[in-house]
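Order as written gives the chain letters A, B, C, D and E; numbering starts at 1 within each chain.
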Amino acid sequence: DDAMNPAEWELHSSWRRHCPEPRICLRVFRILSIAEAWMLAVAVGVAMYATYAQPAGWPIAVSGDYMIVFQLTSFAVALLLVFRTNAAYARWWEARTAFGRWLNSVRNSQRMLISWTPASEAYLVREYARWMASLTPAACAYLRRKDCYWEHCAEVLAPGEISWLRGCDNPPVKVLMVLSGLVARTSLDSYQRAAIEAELSAYDIALGACERISRQAAPKAYTRHTSRFIIVYLTFLPFALWSYTKWLTLPVIVVLTFLLLGIENIGIQIENPVSVLPLHSFCAGLKTAALNMVKHQHQVHAALEAG
Amino acid sequence: DDAMNPAEWELHSSWRRHCPEPRICLRVFRILSIAEAWMLAVAVGVAMYATYAQPAGWPIAVSGDYMIVFQLTSFAVALLLVFRTNAAYARWWEARTAFGRWLNSVRNSQRMLISWTPASEAYLVREYARWMASLTPAACAYLRRKDCYWEHCAEVLAPGEISWLRGCDNPPVKVLMVLSGLVARTSLDSYQRAAIEAELSAYDIALGACERISRQAAPKAYTRHTSRFIIVYLTFLPFALWSYTKWLTLPVIVVLTFLLLGIENIGIQIENPVSVLPLHSFCAGLKTAALNMVKHQHQVHAALEAG
Amino acid sequence: DDAMNPAEWELHSSWRRHCPEPRICLRVFRILSIAEAWMLAVAVGVAMYATYAQPAGWPIAVSGDYMIVFQLTSFAVALLLVFRTNAAYARWWEARTAFGRWLNSVRNSQRMLISWTPASEAYLVREYARWMASLTPAACAYLRRKDCYWEHCAEVLAPGEISWLRGCDNPPVKVLMVLSGLVARTSLDSYQRAAIEAELSAYDIALGACERISRQAAPKAYTRHTSRFIIVYLTFLPFALWSYTKWLTLPVIVVLTFLLLGIENIGIQIENPVSVLPLHSFCAGLKTAALNMVKHQHQVHAALEAG
Amino acid sequence: DDAMNPAEWELHSSWRRHCPEPRICLRVFRILSIAEAWMLAVAVGVAMYATYAQPAGWPIAVSGDYMIVFQLTSFAVALLLVFRTNAAYARWWEARTAFGRWLNSVRNSQRMLISWTPASEAYLVREYARWMASLTPAACAYLRRKDCYWEHCAEVLAPGEISWLRGCDNPPVKVLMVLSGLVARTSLDSYQRAAIEAELSAYDIALGACERISRQAAPKAYTRHTSRFIIVYLTFLPFALWSYTKWLTLPVIVVLTFLLLGIENIGIQIENPVSVLPLHSFCAGLKTAALNMVKHQHQVHAALEAG
Amino acid sequence: DDAMNPAEWELHSSWRRHCPEPRICLRVFRILSIAEAWMLAVAVGVAMYATYAQPAGWPIAVSGDYMIVFQLTSFAVALLLVFRTNAAYARWWEARTAFGRWLNSVRNSQRMLISWTPASEAYLVREYARWMASLTPAACAYLRRKDCYWEHCAEVLAPGEISWLRGCDNPPVKVLMVLSGLVARTSLDSYQRAAIEAELSAYDIALGACERISRQAAPKAYTRHTSRFIIVYLTFLPFALWSYTKWLTLPVIVVLTFLLLGIENIGIQIENPVSVLPLHSFCAGLKTAALNMVKHQHQVHAALEAG
C-alpha cells in the first residue's frame, strides 16, 4: 500500500471501486487455490453422494435439516473473523504510526539542533543530518533482515561506515549512539542536549514498537483456531446446502470460500505490517527530510534576517 | 462538516433529523447511480426470467430456497461494514484531534513567550505571532497540495515570503524553523527556549499525524474486499428474493443498495479526513487566535497591574 | 447526570432499576412523539388496507413473505446503532475526562506554587488562586456561550474584571495569560515557572478537547443515515408484520419505535456532552478546590513543623 | 476480586471453571430474585391463559407467530448488553490502572529522593516515606467516604495528624501538599524538586481518574434503557414461547432471565470499580512499598559500595 | 508464542495454516476432555431417551421446537465470547508492550549515560550495564515467583549479589535503586541525572503494568458467567438438535464443544500473559542489548572520530 496523492484518493472513492478487478481476484484465488480445490472436491463428492448413493439406499448424510447447525454457529465464525480483522488492523496501524513518528524525530531534533548551535558548529549539524539520513535504512534493514535498504545510505555514508553497520548486531542502535555522540560534541548545554536526546529516545521507542510487532505474532492459538473453524465450517456446509441449492452448491461454495477465506487471508497479510508497508519510500522520504533541512537552512536564515 | 454552534446542536437533535432530506438523498443517489442502475438491471432481468423463461421450462435459477445462502453470509457483510465504518471514523477523529492540537500549540507557545520575554523584545513576539498565523495555512496547503490556503497568509506575510514558502518542498517545516529561529533570538534561557520548542514539536507531531492519515489509506485489500462482497451479495440477492417479494423486488433492491452502499460510501468519504474537514475555518481560527493574543496582551497586563 | 455519592450508587444497582419509570418514559415519548405518531399512522393504514382493501381484490401489499427483507437488514440497523452509541459515548467520556483534567491542573499548579514561593509572595499565591477559581467559569461560559456561569466568579473577581472577561472573544485564554503573568512575577526560577506553565498548558489542552467536541459533531452523514435507515425500517415493518401479529401490530410498532429510536435518541443527546454534563457543579467544585488549598495552607505548614 | 497468585491462576484456568458453583448461583439468584419472581409470575399467567382461557374462546394472545418480533429485536438487546459490558469493563480497568499508577509514584519519587539527598537529610526521607505511606489510605477514605481505611495510618501517623486529616475536606490533597513541602525542605535544586513533583502530579492525576469514575456513572439514560429493554423483552417472551416449549416455558424463562439479567447485573456491579476493587490490600501494599524502600536503603548502599 | 523471524512469518501465512494439526488438536481435546465427556454423555442420554423412552409414551423432552430458544440466545453466547476474547487479548498485548518498553529503557538510558559521562567514569558505565543486565531477570523472577530466571544473572552478578536479591521482597525495585545510585555517583549534573531517572521510571511503570496484569484477573463474575452460559447452552442443545441431526448429534456436539469452548479456553490461557510470553528470551535479549552497547562503544567512538 503505497502513499496516496489527491488523484489517487479521487480514484479510490469513485464508483470504479465496486468493479471486480480480475487481476487481483485471480491473485487472491491463487493464494487460496488449495483451499478452494479442497472445498470444490468436497462439494462434488457431496453432490455425487446425494444424487446417486443416497437415493440408492445408502445412509442419509445430506439433508437440509443440518442447516440449523450452521445457522447456530455462524455467529462464532463471525466473531473470530472480527477479532482477527481488528487485531491485525490495529497492529498494522500501530506500526504505521511508529514509522510516522520517525519523521517527527528527524524534523524536531534537527530543528532544535539548527536553531541552537552557533554557526561555527555547522559541520556537526551536517554530520548529524548525514547520520540521521542513514538511521531509517539501518532500522529497516534490521527489522526486515534484508540488505536492500542499505542502498539508501550509499550517498551519505562512506563504504567503510556502511560495512561497519552491516556487521553490527543492531545497526539502528549504533547510529543512535553516533547521533548522541555528535550532540555531545556540540557546545549545547546539558539541558539542550537532553531535549535532543528525548527525540532520539522517541525514535528508539517507535523502533521498539516496530520490533515488537514484527517479532510477536498475535497469539497463534487464535489464528489457528480461526483458520480451522472456517475450514471445518465450509467443509461440512455442502452437506446441508445441497438440499437448497442443488448443483448451484458448487459455485456457491467457491464464492463463499473466496469471500470468507479472503477476509481471513487479508488479516494474515497485514498482521506483519513491516512486510507490507512501503519501507523503501519511508527510507527515501526521511533521508530527503533530513538532508533538506540542512540544505535549505540558509533560506530560513534569510527570512529571519528580513523579518 | 462545519463547526456547530448551540443553535445548530438544537436543530441537530430535533425530530426533524428523522425526515428524509430529498436534496441529500438525491446527491447520494447520484454518487451511487451506477451501482443502483446495475442492481436495477439485474433485478429486472431476474424478474423477466422468473416470469417468462422459468415457467416455460428453462432451468431453475430463481428460487426462494437460495435465501439460506444470504442468511448465512449476512454476518460477513455486517462485519466488513462495521470494520470499514470504525476504521474510517477512527481516522477521521484522529485527524480532527490533530488539527485541534495545533490550536493548543499556538496558544501555549505564545502564552509562554509573552509571559517570559521582557518588554524590549515585543517585536520578536509580534514576529512570532505573524509567522505562527501563517503556519496553519502553510500546513493545509502542504497537506492538500492546494494553493487556495495561501490567501490566509496575505495579511500577515510579505508577498516575497509567501512565494518563498510556496516554492518549498515542505512549507510548514520551514515555518517551524523560522519560529524556532525567532525563539533563539530572544533573551530566554535555554530551558525556556526548550519549553517553547516542545510546543513546536507537538505541532510537528500533529502535522505528522495528518500527513500519515492523508498519505496512507486503510489497507486497500479490505476496502476492495468490502466493496466487492457487498456488490456480489446485492447482485445475486434478487434470485432468492423474487419468490418472496415478486415485483416489489425492484424497489426493495434499490432501497437496500441505497442503505448498504450508503454506509460503505460514507466510510470512503471520511477515510481521507483532510478533504472533508473544514480546513479553511481552521486556518482562519488559528490566525485569529495567534494575532489576538498579541493584540490584547496589554489588557492582560492591565489586569495584572490592577490585581 | 450529576455526581453520584455512595447512597446513589446503592440505589443505582438495586432491583428498582428494572422498574419502568413512568415520568421518564413519558418524557422520552414526548421527545419521540412525532415519530411515534407517524409509525402509528402507518400501522393503522396497513391494518385497514389488509383488513378491508386487500381481501376486496386490491393489489397485495401486506404479506408475511416480506419479513425476509427485514431479517436480512436487521444487522445493518444494529451496526449503525452500535456505531452511533459507541461514538457518542466515546465523545461524552472524552469530554468528562477533559473536565476532570482541569481539577488536576488546579491542584498540581497550586501545590507547586505554594511549596516553592517564599512567604513574602503569599499575595501572589492568593491572586493566583483567585484567578484560578474564575478560570473554569470562564471556560464554561465560553464553551456553552451562556452567561450564567459568570455568577461563580462574583465572589472572587471584581465587577470590572468580570465585565472585561465577558467582553473578550476567548475569556479562558485571557485568564490563562493572567495566571501565566502572575507566575512570571514570582521569584521562581525559569525551570519552576516552566513546570507550572506545563500544568496551564495541560488545562489549555483539556479545554481544546472540549472545544473540539462541542464544535465538531460526528460526521453528519452517519448520523442522518442512521436516523433515516431506522425510520425506513420501522415504516415498512408493519407491511410484513401484520400477518404475524394482526391488530397487535399497533402496540408492537409503538414499543419497537420507543426502544430503537430511544437508543438513537440517547446517542444524539450525549453526542454534545458539554450540554449534558453538570458544568455548574464543576465550576463550584474547582473554585472550592482552588480557594481551599490556599486557605488551609497554614495547616499543612503546621503539620510540616510538627513532623 | 483480590490479587491472584500463580496457584490461583492455575485454578482459574482448570476445567473446574465450567462447574456450576451453587453458592455463587444462589447469590446471583437472590440479587435477581424480584425480577425472577416477576418473570415466573408472567410465565405462569401466560401458561394458564393459553391452557384454559384461550381454548375457551377468549381472544388470542398467545401465539408462536409473535416470535418474529423477538427474533427481530434480539440484536438490539445484544447491542445494549455489549455496550453496557464494554463501558463498565473499561471504567473498571481504567480505575485499576490508576490504582496501579499510585504504586509507581511511590516507588519512583522515593527512588529519586533517596538517590539525590545527602546522608544528612535522611530524616526528611523518613518523613517523606511516612507521609507517602498514609497517602493511599487517605485517598481511599476520601474516594469511598468510609473511615475504615484510616486504620492503615495508625502505625505511621500520630493520632493528631490522623484526626487533622480526617477533618479535611480533601485529605489526599493535603498529604500531597505535605509531601511537596517536605521536598522543598531538602537541599535538592529546583530541577530535582520538580522531577519529584512530577511524580506527585502523576499521583494526583491517577487520583483524579478514580474520583471521576466514582463520581460519574455512565449516562443513566443508557443504563435504564438497557434494563427496561431486557425486562420488556423477557416479560413478553412467554406469549410467543409457549407454543414452542409449553410448560417448559417456565424453567426456560427462569434460566434466560438468570443469564441475560446476570450479564446486565455484572455490568452494574463493576461500573463503580472503587467499591469492588481490593482497596484495603492496595493500602497495605503501598504502605509496605513506601516503608521498605527506606528500611532496606542501606542494603542498596552496601551493594553500591561493594561493586 | 516465541519471537518470529521472516521464515516463520512466511510459514505462518502459507496455506498450511488451514490444515488441521493433530498434535495441537489432541492437546486442546485433552484440556477440554472433561467438558467433552460430559457433553457426549448428555448427547447419548438424549439420543437414548428420544429413541426408546419417548416413543414408549414417556413425557416429551426432546423436540425440534425447542430450537427457537437456542436461536434467541446465541447472540448472548456470542457477545460473552467476544468480550472474553477482546479483554484477554488487550491484557496480553498491554503486557507485551510493557515488556517491549523495558528494552527502550535499557537502550535509551545507556545511550545517554555513554554519551554524557567522561572517559574517566567508564567503570561506572560498566557497572550500570552489569546491573541493567540483571534487572529484567530480577523482574521476571518477581513477576512469576519462579527462581529459574536468576540463572540469566549468573554471568553478570556475583553470587552474593544474587543471593541478596533473591532474598528481597521486591528485587527489581532494589536493582532500580542500585542503578539510580550509580547514576548519582557520576559527575553528571542534576538535569542529566533526572533524564536518566526518567527512563528508570519508565521501566518501573512498565513493570507496574505487568504486576497489575498478573495480579488482577478480569472480573471473575464475567469469566464464570461466560463459562457457565456456554456449558448450559451446550448441555441443553442436544434436546433441540436431535430432531434435526439424529445420531449425527453426537459428533456435532463434540465438534461444537471443541470450537466454542476452544475459543473460551484460549481467552483463559492468554488472560495471564506473563505465563505465556517468552520471558526467558526477553531476559536473554535485554541482557545482550545492555552488555553490547558498552562492549561496542569504542566502535561508535571510532566512527565519530572518523567523521
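Convention: a contact is a pair of C-beta atoms (placed from the backbone, for glycine too) under 8 Å apart; a residue touches a chain by one contact, two chains touch by 3 or more.
On a predicted model such as this, the values are computed, not experimentally measured, just so you know.
Put simply, chain D has to spin 70° for its C-alpha atoms to lie on chain E, with the angle rounded to a multiple of 5. Our note on geometry: chain A versus chain C, Cα centroid distance of 37 Å, whole angstroms. Taking each chain's centre as the mean of its C-alpha atoms, chain A lies 23 Å from chain E. Along chain C, residues 71, 75, 78, 82, 191, 269 each make contact with two or more other chains. Viewed as a network of touching protein chains, the structure reduces to one closed ring of chains, two contacts apiece.
Interface of chain B with chain C (complex): residues 1, 3-6, 9, 12-13, 15, 17-18, 20-21, 24-25, 67, 70-71, 74-75, 77-78, 81-82, 85-86, 89, 92, 96-97, 100-101, 103-104, 107-108, 111-112, 114-116, 188-189, 191-192, 195, 199, 241, 243-245, 248, 252, 255-256, 259-260, 262-263, 266, 269-270, 276, 288-289, 292-293, 296-297, 299-301, 303-304, 306-307. By the touch criterion stated above, chain B contacts chain A in their complex at residues 31-35, 65-66, 68-69, 71-73, 75-76, 78-80, 82-83, 87, 127, 130-131, 144-145, 158, 160-161, 164, 168-170, 173-174, 176-178, 180-185, 190-191, 193-194, 197-198, 200-201, 204-205, 208-209, 211-212, 214-225, 227-229, 231-232, 261, 268-269, 271-272, 275.
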